[in-house]
Structure formats: structure tokens, C-alpha cells
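Chains: A, B, C and D, in written order; residue numbering restarts at 1 for each.
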Amino acid sequence: MEYKNNGVENIQIAYIGGGSRGWAWGLMSDLAMTEDISGSVLLYDIDFEAAKHNEIIGNRTKETEGCKSKWDYRAVASIDEALTGADFVIISILPGTFDEMYSDVHTPEKYGIYQSVGDTTGPGGIVRALRTIPMYEEIALNIKKYCPKAWVINYTNPMAVCVNTLYKVFPEIKAFGCCHEVFGTQKFLSKVLKEELGIDGIAREEISTNVLGINHFTWITSAKYKNIDIFPIYKNFCETHAETGYENGGDDNWMNNSFLSADRVKMDLFLRYNYIAAAGDRHLAEFCKKNYYLENPSRVQEMKFGLTSVDYRKKDLAKRLERSARLVSGEEKFKFSATGEDGVKQIRALLGLSDMVTNVNLPNNGQIPNLPKGVVVETNAVFKADSVNPVLAGNIPDELFPQLSSLVGEQELVVRAGLEKNIQLAFDAFCSDPLVDIPYDDAYKLFYKMLENTRKYLSMYEF
Amino acid sequence: MEYKNNGVENIQIAYIGGGSRGWAWGLMSDLAMTEDISGSVLLYDIDFEAAKHNEIIGNRTKETEGCKSKWDYRAVASIDEALTGADFVIISILPGTFDEMYSDVHTPEKYGIYQSVGDTTGPGGIVRALRTIPMYEEIALNIKKYCPKAWVINYTNPMAVCVNTLYKVFPEIKAFGCCHEVFGTQKFLSKVLKEELGIDGIAREEISTNVLGINHFTWITSAKYKNIDIFPIYKNFCETHAETGYENGGDDNWMNNSFLSADRVKMDLFLRYNYIAAAGDRHLAEFCKKNYYLENPSRVQEMKFGLTSVDYRKKDLAKRLERSARLVSGEEKFKFSATGEDGVKQIRALLGLSDMVTNVNLPNNGQIPNLPKGVVVETNAVFKADSVNPVLAGNIPDELFPQLSSLVGEQELVVRAGLEKNIQLAFDAFCSDPLVDIPYDDAYKLFYKMLENTRKYLSMYEF
Amino acid sequence: MEYKNNGVENIQIAYIGGGSRGWAWGLMSDLAMTEDISGSVLLYDIDFEAAKHNEIIGNRTKETEGCKSKWDYRAVASIDEALTGADFVIISILPGTFDEMYSDVHTPEKYGIYQSVGDTTGPGGIVRALRTIPMYEEIALNIKKYCPKAWVINYTNPMAVCVNTLYKVFPEIKAFGCCHEVFGTQKFLSKVLKEELGIDGIAREEISTNVLGINHFTWITSAKYKNIDIFPIYKNFCETHAETGYENGGDDNWMNNSFLSADRVKMDLFLRYNYIAAAGDRHLAEFCKKNYYLENPSRVQEMKFGLTSVDYRKKDLAKRLERSARLVSGEEKFKFSATGEDGVKQIRALLGLSDMVTNVNLPNNGQIPNLPKGVVVETNAVFKADSVNPVLAGNIPDELFPQLSSLVGEQELVVRAGLEKNIQLAFDAFCSDPLVDIPYDDAYKLFYKMLENTRKYLSMYEF
Amino acid sequence: MEYKNNGVENIQIAYIGGGSRGWAWGLMSDLAMTEDISGSVLLYDIDFEAAKHNEIIGNRTKETEGCKSKWDYRAVASIDEALTGADFVIISILPGTFDEMYSDVHTPEKYGIYQSVGDTTGPGGIVRALRTIPMYEEIALNIKKYCPKAWVINYTNPMAVCVNTLYKVFPEIKAFGCCHEVFGTQKFLSKVLKEELGIDGIAREEISTNVLGINHFTWITSAKYKNIDIFPIYKNFCETHAETGYENGGDDNWMNNSFLSADRVKMDLFLRYNYIAAAGDRHLAEFCKKNYYLENPSRVQEMKFGLTSVDYRKKDLAKRLERSARLVSGEEKFKFSATGEDGVKQIRALLGLSDMVTNVNLPNNGQIPNLPKGVVVETNAVFKADSVNPVLAGNIPDELFPQLSSLVGEQELVVRAGLEKNIQLAFDAFCSDPLVDIPYDDAYKLFYKMLENTRKYLSMYEF
């Protein structure tokens, strides 16, 4: 890459995955609207066709109205071609197909275990991790070989497991994991401030927070807007709305869209623990003991959040693929819309174009002193020229420690299981998961059934 | 006290509690059979009558056959009288009465939560802790006032909570907590060695172990007999016996004595985690998720251990009280029998008469590096003249970390609840307990019902 | 204070000290040139006259050309008046007078110990600390009483000792210490980049650094300008210039101004350790063993830095006082010039008006994992609405650990000496100081002579 | 090996080194007088002749009066022969010859740096370390290859550097380092108790201590004899004797024997820091700043300890070699005398024959919480069947931290220098050493002169 005219040209980005289209298009949009950086994006996906389509769509951005910087997109057939010379690597893959995810999410239902997402924790998250870890081992080794100095941004779930694997396999890697769930909570808090204090138009970045925990079970231990302490205001809000949920009305609510909720879980957790749970309700619920929010479908209904079925996801994808076809054929015009994600801002910061502080997932090196070193945690971090340094977030509060410490331990065990190809360790993790409250024999049957269902992606394990 | 003739005379021991007789008589026996120390024991119990009876029985030891050292026993009416001038303080109280314990153990059964002991963890342990902590606050303050340099030996449950409270209230206290559950496991391992290798007569002290964890959920991570690594031998033993249990036959088995078991839990835990669970099955089961071993009474039956009912305890006590009456009247003669406990040996070591290494409960100051500082843990420690120093036990193994970290967090929360008189924190701990897998509303009702039942001892809390 | 029109009004700042004028005027300038904040500054100095003069000069800023925000200045006669209602407290005092400082700096010369500054470390720094700590104890107690929630910014030396004392006396204090020495090094590095690469006009903020160490012996372990790693460039520069020094020519060099240097020390330290020493040479030299750079005046001359005499300081002050008189009388007009300090930017950030990352002094809570907790260290930190969170700076590199660990230990000992009024501990620290390489008896005589000379400010100690 | 008749037979010990005879004969004596263990000792020395002589002498023990167990001795020509099948490895080598040691000890004298021992720290210790580390690298690799499960006991100096190297090269090694200096201090304390309290005949093991620090600069932070706190008694003793020294009279004093002292250093250190320095004065002095005790020969004379010259050592060795010849020829009869060392007791403990607690050198894994992990420290440890676990010794006291932290840092740097073959790091360590207070240029010349003098053993380094 080359620094010129207060910007950087010829940046090379390797995009691993992206076949599911959504994330890729968002990135294209954000890149095209960022004036001072340009270069090329090499698209690698195990579905080469998908990459090829993204190439066509990506290159269309150059003629799209509002384009401020021109990026070249090129689909490549091998990961080494994508990585060689890369300055940045973005990973956003689906580990396996929706068929495997179908098993992850729905097989446990036969034993009364319901999962609202099933990609991060719980039975589904654990089995997904087992097939993801070997993929990430390979990616890490390839990065070590082809672009050891590149910055690596992970978007794949299970987030903590992916980032953990990258660092365990290649400790010198410059990787971090990004997730927008905390942003969503900041937006929610700005709605709270509007509702409670009548202050309108607060941008999420203006909600200053201290973040700690693990991805999708992240907590805000301090939240300020200017000199206003948001905690007492949020407490009041929760006392009003926790019982009924906070709904915007209109079509776009949790009853029609299984990605949404009425934030009852989030508010209930605040009233229990006095700290702000900072992720969507569907994610938060899965980290709690089954009897909290996922006891059964009627409890979920009562708590006003959705169980995202894989059929729903398949339909969702089908729509995106149709749109992809239209974009490829030119029938539909690509339009820019800012994603609100931090990815491109982080790239600019790492290039030294402007500093930023945002929450990311990194191995614990003391940013959370009362969790073990090496587990992957989410906290704020400072992004500057070629560096990401976590901010000292402080101890996990006593109220949250029993759950959070157990969950980081569970994730560590899963990563070891994947790296050592040790199914017994994975089953230990499985049994310790808060959603798995079924008798031992049932747990055993369920676990092996889930492995069996996804055996295609688990050939490196013996079972 | 006075050092004379290679021994120590005029030692003063304050014995707080002991109304239940059993522990007190054991101590009397051990003291009388130890040649080189002598002195007086001041007995303080809220039931003065009980202390008075112990005084009479204790003083009888001087004329009992086999007495090697003469100790004077004296019941006192106030704790300050007991503590003033004390070199050692032994605490062994029942926090509340069996009526409160009845509620602790049996109220949860209405919600399908069965407890095999109910005095350490689980709903019963937590509520018991709430009434114990204020008592221990008072004891700690009295020790600070009347005998700040005395060594304090705790036998009361919940062990970790008691020791934690003593240190939080008076950080300079010289206290530790003793428990014989690890000893029992060492004895079990010596049976294993007999069974598997035909080696007979191994004393428990000859089983060299590294111990870590929390009281009653303690683990052995290394066990050697001479140059023999016991782990593979125990593995073989468990593979043979875990399914059926290991029973001695005869009357004295778990079906007749609810304090006993066939060690199925212990062996099952070994086969799951590859570390030796080192406590009685009844204790171990309570720290695991309900679905492991305490799902329901038939699961308990199948796992061949007992649910100790409080009625059983009451009968047990009644027998001891009858025996007490006979001993007081002289109808029955006191007979010495070594308890196998380490208490008197520890006293000798602290007096500088001989060093020893044994497992005790102490605040974590790094002996278990991956648990937070300050939580009370059980590891080996070196006892020498006026000092107890924990041995570095190493990290909690990954396999056990999810459970153990959560449990130490739960105990820390309970101690804070007790010291801050904050019922909400106690309820947070209650909800995070692995036995409490019932819906939130039920948990709430159960918790407050249990508080209500024991309100007499909870007047310092608001609820 | 009041948030209005995207800014904050009615902010109340307590300024403790400032009698020496320089710092106070700089702040006045920076405040007046910052559009979106306004309020009042209460000036408290033990020399009320000095505060009064600053009041007059400060209030003149409102009519000065270029004034963007109007601040009211008011001298107050007591510290409680200054602190009551304060949102921010700025502390910039001279502990004692230049007479005491004369003893600090020059008495050791009789024993062959030369100090280039004498206010932070070495014999002078230690004795200065002994009179500073009791003053800071009192300030901390007053802040606890009158404005416990105020943000406290310390500029006084010895910096680490002052900040340490504030936190030891009032652990909940929201205090940090600021120093511009790292900024100076960033400026120096931008000169290096110009010299070596021909890149002109790099602002110091564009030099992205990782900072760690203790105040005035701070180190940069990573320095980037955009994608350029500055280390190899700086190495080349040092290899060229370390022997002769880097001089700008002109009048403003180290031979005429004892505050300046030719950066030989800085470059020599880089060549020794491969990390960038980030403070002025006069400061750096004092933390090294005497035989490195302060062996004797001719060594100092050879290394091209100055020994700042207290006479020089007195003259410097006299000039400022003359200027003060002219400013008070109106003979001279106050003119604004940006100080380049971060103080006012930090205030804006703490008010939530814009985030920033800069280096500050804070107790170690893990930002430097291989130094003990609680010692005061300098690292980067994130400033946001009502919060300062240190960035994880990483371990002290092995090459620097022998010196830095010893120095933080020395400072800790001095703080304990001051708080416990224990002269023996201070003498232990004195003897361990790297400049004190004289025989024990001489060290003893020197130490007590220095105490004697400054007894007026040491009445709380017994000696 | 074989467990039989309450003992162990056929133990195989590899003895690496021993050419200097003294240590080897002591071990032979201790082994022969220990009833319940027997086996063979394979002697490997680079001087095969020396090993051969030891073989002859060792085998004579079997016919010596008082022999309780028969050990076979056999000299072997290669290290792999010695190690293959070894249960224990004892390492006691001289790294280089007395010619190299002559340079280590006496070259610095030309620059005014006097060393009383010169084998552990200071210029001599550092250069000795540089030639020792590659030897220990090779030994560690051989142990890994030939007997990875053997217990390794190191007696070679520089102790900490040797043990550190073994662990860095082969982290799974079961090694520890033994030194009798603390024992000597315990004996000294028993003399103190006799002198001050008239208590006679206290064995050193009865002085119960908490030990921490680094080898040869070890400290006792708590010392009890029964219920007697030795600290105030020792303080009184030091106040009486520190000025003049404590001498036994007779021939065997420091004036005639350069290995002895009048303990003035030890007592002076107590009066300075209130902790008991626990090594011989000659060792202690070398870890302090030069101006403390080693300023010049007259200061040493005044402090009443000896500078052991290498000529003295050569003469000492010559005498042992003469005796060796007499023992080999049979002219002189071997006689047993207990060494008072713990080596054989440790072997028995590791065999599971009886537990023991003693001080040893091990990597810090938290036994001293405020020192970095991984540096080699000396504390008490528990020896049991196949395990050595350090006892939690607590933090280095504030008073000692500046010196001790710097010294462990220096040693770490030396080990890295040796392993990375990086002379610059060694020179950094050299410059930071407290004895090196000479100007930089002189330090540079001295260092390279010392390297030059010993180049024969430093061929793996570039300089």
C-alpha cells in the first residue's frame, strides 16, 4: 500500500467467506463511501460462484452514485491467492451449511432445549465450534504463511472461539473480533434517554460506556452521556417497562421478525444484577440458565423475543440470493447505505488516519483482571496506527462472576477440545452449559446425535 | 502457656459451640491421648446446660484409662470469658436449630429440589449462610477484641463462608477451616490400591496428594503412593465399579445409613473429568447441576447415596443426648478412641512441636492462581510453629473450571450479601446455584419462603 | 455546571497552587481559547497575594483579543472555599520554597552527587517527597470532604509520589497526573522523521506510541507514523547522532539554557536498550546509575545536558514575577498562546465533549502486568465522559525491568515512609537510589543533613 | 527401582560433575548412612580420571565402618550412559576451570570492583553464567532425551541461572536447586538463642522460618522457635554485635579462613531492613550496592569477611586432590560424617518414604506474588512422593523490593542473553549490576576483557 494525498492507496484486503452476501455488500458500501482509502478486495469463498457474483457486484460500486473511492474486486480460487500480499484479512464464513445449523438449533428441541440463535453458545454453539475450530486452525496457518503481518478482522460466530483459535494457533497474529451488539444497546440507551429525559438525537457514540464480558454476553458497567449517569435513568425505565417490554409498535417488531425483541430480557437482567446487559435479547437468553428465559416456547413468547428458526434463515438467504442475481444482472442497482459498523473505521485507524476507541474481542491479557489470562473477552480497545490495545475494563462484578467465569471456562474447554480433537472435553463443556439441564443419559444421546448429524464436517474427530 | 519438658503446659483453648456433643467428645479424646500438651478448655455454648454437661464429661477424661495428659474443662457463660487469654479457638456451632435446618433441607423439595446434606451449598447452604454470617461477624469481632493472636480453627459449615467471613471482618485473624472429607477419599484410595494391587494396610497419610478446590467440592489432581501413580489404577477401578458402586456389604452401607454411599458419584466424576473428586458423594452431588445426580429421589437411589433427612439428624442427636446423660451420670464410662482428625496434630504443629502438611481452608492468596484472590479455597498447607502457609496447588484444571469458578463466585456473593445485609445479592447467588433450575417465579417464592421460615435468625435483614 | 448549546457552562475549577505563575497563565490561555466550556476558577495558594495577582491577570483574559470563552477568576483564602462545589481540581504547588529546593539539589554535590533536576528522584526527589506527602495527605482529605466526585489533575513533582499519596489516602479519588515529557519526545521523533525521511510537519499527536514506565523515566515500546515503524529509523538516527548530540544551532541550545540538552542521553539509552526513552535528558539521567551520565560535571558537559541550579530557577522566577507585576498593572498585555498541554483537552473529554487518548500517571491496576499493583505508572489512557481508563501497555521489557522495578519499589517505599512518618524507610529508599553510590556513613550524614536543612517542612517526622 | 522391605532398592543416580571431590564425598557419606535406600551411582565428569577416582572411593564406602546401605559406584565416559535409566540426576559442575574463575574474580579488581565469591552475581557471576548456560542447555536436552521423568537436583552456581535454564529449555523437567546457606543462618540463629536466652542445643530444623528471595540473597521474614518470635531477640543481638561482629574466637575464624565472616553484613542488613538476611556474608555483600560492603578491601576488612581469592581455592582443591589420592590408594580410610545437607533426605521424600519441608530454588509460579512469573526464586517447598510444591511465601517486603526485583530482572536478562547468544543483553545486565558502579567506558572495557579472557568457553557467542 501507499500513503498519498493524506490517504492510502493500493490497500489489499482479503475477504474470506462472504458467500452469504449480506456482510460483503455492507463492506462494499462502507468502503466506497470512505474517501481517503482505496485498493483491491480479493474475494475467496469455498463457493467460488458466490465470490464471483460478489466480484461483479463489488465492481459495480465504482459507477454507483455517491462513490467516493474506487475499489477493485476480484474473486480468487484459492485462499493463498487471497492472502498473499494482504494488508487486511476479513473473515466472515458460515461454518458448514444451514443443514448443519438446522441440526445445531433444532435437534436439542427434541429434549426440550430451545435456542434463540444457536451459533455462539449452548448445544448448537458448541457443536458449531467443533466444526469451526479446524477451519480456523487452517486459516491461522495460512495467515502465518502468507501474510503474517496483516490485520485480521473476524466476524464469524462463535466469535470468542474463532478469535481464541487464531491466537492459540499463531500467537503473533494481529487479529480481533468485531460485533455490533453493543452498538445496538447504545442505540437502545439513547432511546431510553429520549423517553426518560426527552433528549433527542443522541448518537450511539455519544453514549460513553465501559464494556466487559464475552461476545454476546457483554455488559456495560458504566454508561455516561455527558455528565449524566445513565444507570439510575435506566433503572427507572426498566422498572416501568420490564414487565411488558418496550415496543415501538408498527410492523417491525418481534412478533413479525424473529431477529427482534421487546428487550424484556435485557431489562430483567438489569433489575437482577444492576449492570446493563449489552446484546440482543436472543443472544443474552442463551447464556443464562435454561429456567431464566428459555424454559419453553411459551416462556419465550412471554419474554417477547424470537426463536430464530433455520427455515427462517434459509428464506432470508433465499431473498438475498434473489437480490444477488438481480444485482449481478444489473436488473437492480446497487445503492449505498452506511452500515453503522466499525469495520472500515477500524481499518482507517489501523492505517494511522485517525484514532478510535471501540469494543472488540481479544485474548485477556489483564484487561479483565479476575478472569484467566488467554480467554477471549470483549472490552473497549484503542485503535491507532498498526495497533490495537485493550483498555483496562476492571473486574467482572461479583454479581456476574458466577455466570461469566463459568462461560469463559466453557469456551476455553471447547477450544481445547477442537484443537486436541478431544470429544470428551467438548462433552464436559456441553454438560456444563447452562441450557443443558437434562439428565445425563439424555445429554449424552443428544450430544452424539448432534455430532452424527454433522459428521460431514467432523471427520477429524473420533467418535 | 509454658514450654516445659519438651512439651507445652497451660495451653488455653476456647471451644465455641459443641452443644451437639459429637465433635467435642472427639476433641476430648484426642487431647487426652496426646502426651506433650496440656491445659484447659473453656466451653462456651449458647446452650449453657450443654456446655456444663461437656464440662463434666471432659473432666472425667482425667480418670479415664489411657489418659496421657490432663486437661481441665470449664463451661463459661459468656464468649468473652472463653476467649480472654485463649491460645486456640475452636468453633463448631449449629447456626440456628434443626428446625431451621429442616426448612433449609426440606422446603426446596416442594419445588423438586432435593439436597443430600443442605448445609454447604444449594438453597439450604445459602440460607444457612445468611444466618451464619452475622454470627461469625460477631465471633470475629470478639476474637479481635479478646484474643487477636489466637489460632482459630473452624469446623462449622458452610465452611468456606465461615472462614471467608472471619477474614473479611478481621483480616489479621489467624484462622483456618478443617474438614475430613479429603481424608475419607484418601482412605477410599487405599482401599482401591488394595483391591487393584493387593497392597494392604496403607495409611491414608501415605497417599500423597495435591488438593485443590472448595470445601466439599475438593479435587485431587495428583495422587501417589511411593512411586505408584494412582490415577491409572483408579481409572481402572472406576471403569469396573462406577456403574454398580463399590459396596462393602454388611450392615454399614448406604441403604441403612444415610451418611454413606457406594461412591458412584465420586467414580462417575472421575470418568467425566479425569480428576479425583475428594469428598463424600452426598456433598459432591450438591455442587453439580441438578440433572447430574440429584434430579429426583429415584436418581439418588440409582446413584446409591443417601438424602440425609433432618428427622434422621434429630434422631441421631437424640441418641447422642441420651449418651451424654449417661456419661454425665457416670452410668456410661467415657472411652478414648482416636478420631483420625488432624485438629490436635495441627495444634501441636502450631506450637512448634512437629511440622505437618495437611489440607485446610484459607483465603486464596495465589495458591490457586486462576481463581480470584480472597475467595476461600481448600489446598494443602504447611503447619509449623505459629504459622500456616498454603502450598501452591496450581490452576483449577480446565475441565473443572466452569463449575468451580462459578461456585467460588456464588460463595463470594453470599458472603457479601451477609456482610452488607443485602438480600438481593443472596437471591442472585441462589438463582445461579446449580441445583436451582426451577422457573424464576418459583425460585423467588421458594427463596422467600425459606427466609420466612427462618426469620427468627434473620432479623438483621430487611425482607 | 450546565450543559447548554453543545457546550458546558458554569464549570467550577479549583486551582491549588499556581503561585509560580507559569502553569497558571498557560491554563488561563488554554481555557480562554476553548469555545465550548466556561465557568469560574477559584485560586488558592498559601501565598494569597500570588493568588490575588493571578485573579487580576486571569480576569484580564476576558478582554484579551482572541478570547473565545469567558472565565471568572477569584482568589480565595482557604482551601475548603476553593474545593466546595469544584468539578475539577488542579494541583500545581511548590512543596516548600526554593530554599528547601536549594538544599535538595545542592547539598548532595558536597558528596559528589550531581542532580540535573532534583525534584523527582535521587536524594533531592526523596527529601522533597517527604515534605510533599503530608501536604498531599491533607489535600486528599480535603477533597474527600469537600468535593469527592471532582476530577483531580496533578502537575506537582514528584508526580508518582503525589498521585500515589492521593490514592492511598482516598482510594475513591478520581485523580491522575499529567506531564508533557512524552509530548516532547514525540516532537523529537517528528524531527527525526524529517531528518531521516524528509517528511515535514508531522504533529506530535500523529506519532502513535505505546508508553510505559514511571513519570520522567517513561519509555516508548512502539512508535508508528502511519504505516512507518519509527524504531529502525530512530536507530539509524541515533547511530549518527548519539556521539555528538543533536543540536539545532542558534541561541536556544543546552549551553545557554539549562533546561535543554542535545539528547545524547536519550539516544544513548536507545542504543543500549532498543526502547525509546521518553523524557528530557535531565530527567532520564537522574534515574540511571550515577556512573551512566551524572558521574561528575564534566561527564554531564560531555553528555551535553544541563544541571539546573536553583539559582537559575530563582532568576527564572524573578523574571516571571516581574512580568506578573507588569501584567497586573496593565503595563504588559496578556497574550494567548496555546501551551500544547493536554489539560484543557482532558477536561473537555471528561465532560463528554470529545474522547481522547493520552499518557497519564495512574495507580497500576494491571496496565503493566509485571509491576506490582498499586504503584503509580505512566501509560496511555482513554478519556471519556467522566472516566479515565488506562490502556493495557504490556510488560516492562526485560532490558528495562532491573531499573524500573527497582525505581517503582523505591517510590513505594518513600510513600510509605511519608504516610507512616517513618524516616528509616525513607533512608532505605535513599540508599537504594541509583545516584547514591557513596559509602554508607556518608550517605547517612548526607541524608540527615538534608533533613536538617529542610526541617521547617518536616516537623511531623521524628529525627 | 524397586520398593521392598519398607525401602527402595536399585535406585539409579546420575552424578554429573563431582570432579572437585568435596560434594561427591559428602553424598557418598550421606547415602551410605541411610538405611532404607540403595542402588547405583553413575559418575560422569568431563575429567574421566576424576570420575574414576570417585568410583574407587565410592565403592570403598561399602566396607567402611558404619555403612548401612551399599551403593555401587561406576564412572562412565558419556553423559547419555549416565542419564539412561536414571531416577535422579545430581548436577554439580565447575563451569570452566579455575583459570576462568580467576578472570571472573580478579579482572574486575583492576577497576576497583572486589568480589568476595564471584560465582553467583556481579561481573564474575554474569560471565560465569554466560559459559554455564550453554552447558545447561545441553544437559537439559540430554535429560529430555534420556531420562525425562528423573528428578534433577542442581548444586552448581550460579544457582538461579542454572535452574532457570533447565526449565526454559525443557519446561516439563522435574528440577530444583539446593543450597545450604539458609541452613547456616538457622544455625546462626540457634547460636543467637543460646546467647540471648540461654537455650542450648536447638537443632537448625527447629528454627521455623519463612524464606523468600533469590539464592544467596535469601531472606527470612518470619522465624519462630516454638512460641518464641526470634525477631525481637535477633534485633537485640544485632544491636549488641553488629558494630564489632560476632566471633567465636579460636583459629576457625574469618581472618584465617576466607570462607568465614563475623556476620557483620548479616547483622547490618537486619538493622537496615528488619528482615533476616539468610546467607553467608560473602554472598550477601555481592548483591548489595558496591558502596555498602565491598567499596574496597579495607571496607571488607572492617566488615570482617573474606575475599576468597582463586589462589586460595586452588590450594584448597590441591589438598582435596592429595586426599583423593590417599583415599584411592587406600593410604587414608574413608570415614563417614553427616553433611547436614538435605540432598539425601529430599531423595527419600521424593521416593515417598517420608515428607519434608525445606527451602529450594524453583521458578516462580506465584509463591512470591509480587515478582514476575518464571524467574527462579528460593522459598520453602513441600517434598512428597514424586512431587515438590513450593509454599506460598508472600510478597517481597517493600524494604527489599527495590533490590530484589532488580536482581531477579538482572538474572532473567542473563539467562536470555545466554539462550539467545546475545552479548548486548548480557552487557545490559552487567551495567545494571550493583557492583558495577564504574564509568560506562570502563564497564565496557572490563566486560569485553572478561569475555576475552574466557573466550575458550564462549565460542558460541559473537564478540
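Keep this in mind: a residue touches a chain if its C-beta (ideal position, glycine included) is under 8 Å from a C-beta of that chain, and two chains touch if they have at least 3 such contacts.
Fair warning: this is a prediction, and the values are worked out from it, not measured in the lab.
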Relative to subunit D, chain with the most remote C-alpha centre: A
Distance from the mean Cα position of subunit B to that of subunit A, given in whole angstrom: 45
Rounded Å distance, subunit A centre to subunit D centre (Cα mean): 55
Residue numbers of subunit B (touch at least two other chains): none
Those chain pairs that satisfy the touch definition: A-B, A-C, B-D, C-D
Residues of subunit C defined as touching subunit A within the complex: 1, 3, 8, 206, 208, 210, 222, 224-227, 229, 351-353, 355, 357, 365-367, 369, 380, 382, 384-387, 389-394
Contact set on subunit C toward subunit D in their complex: 272-273, 289-292, 295, 299, 370, 372, 395, 398-399, 401-403, 405-407, 409-410, 412-413, 416, 425, 428-429, 431-432, 436-440, 443
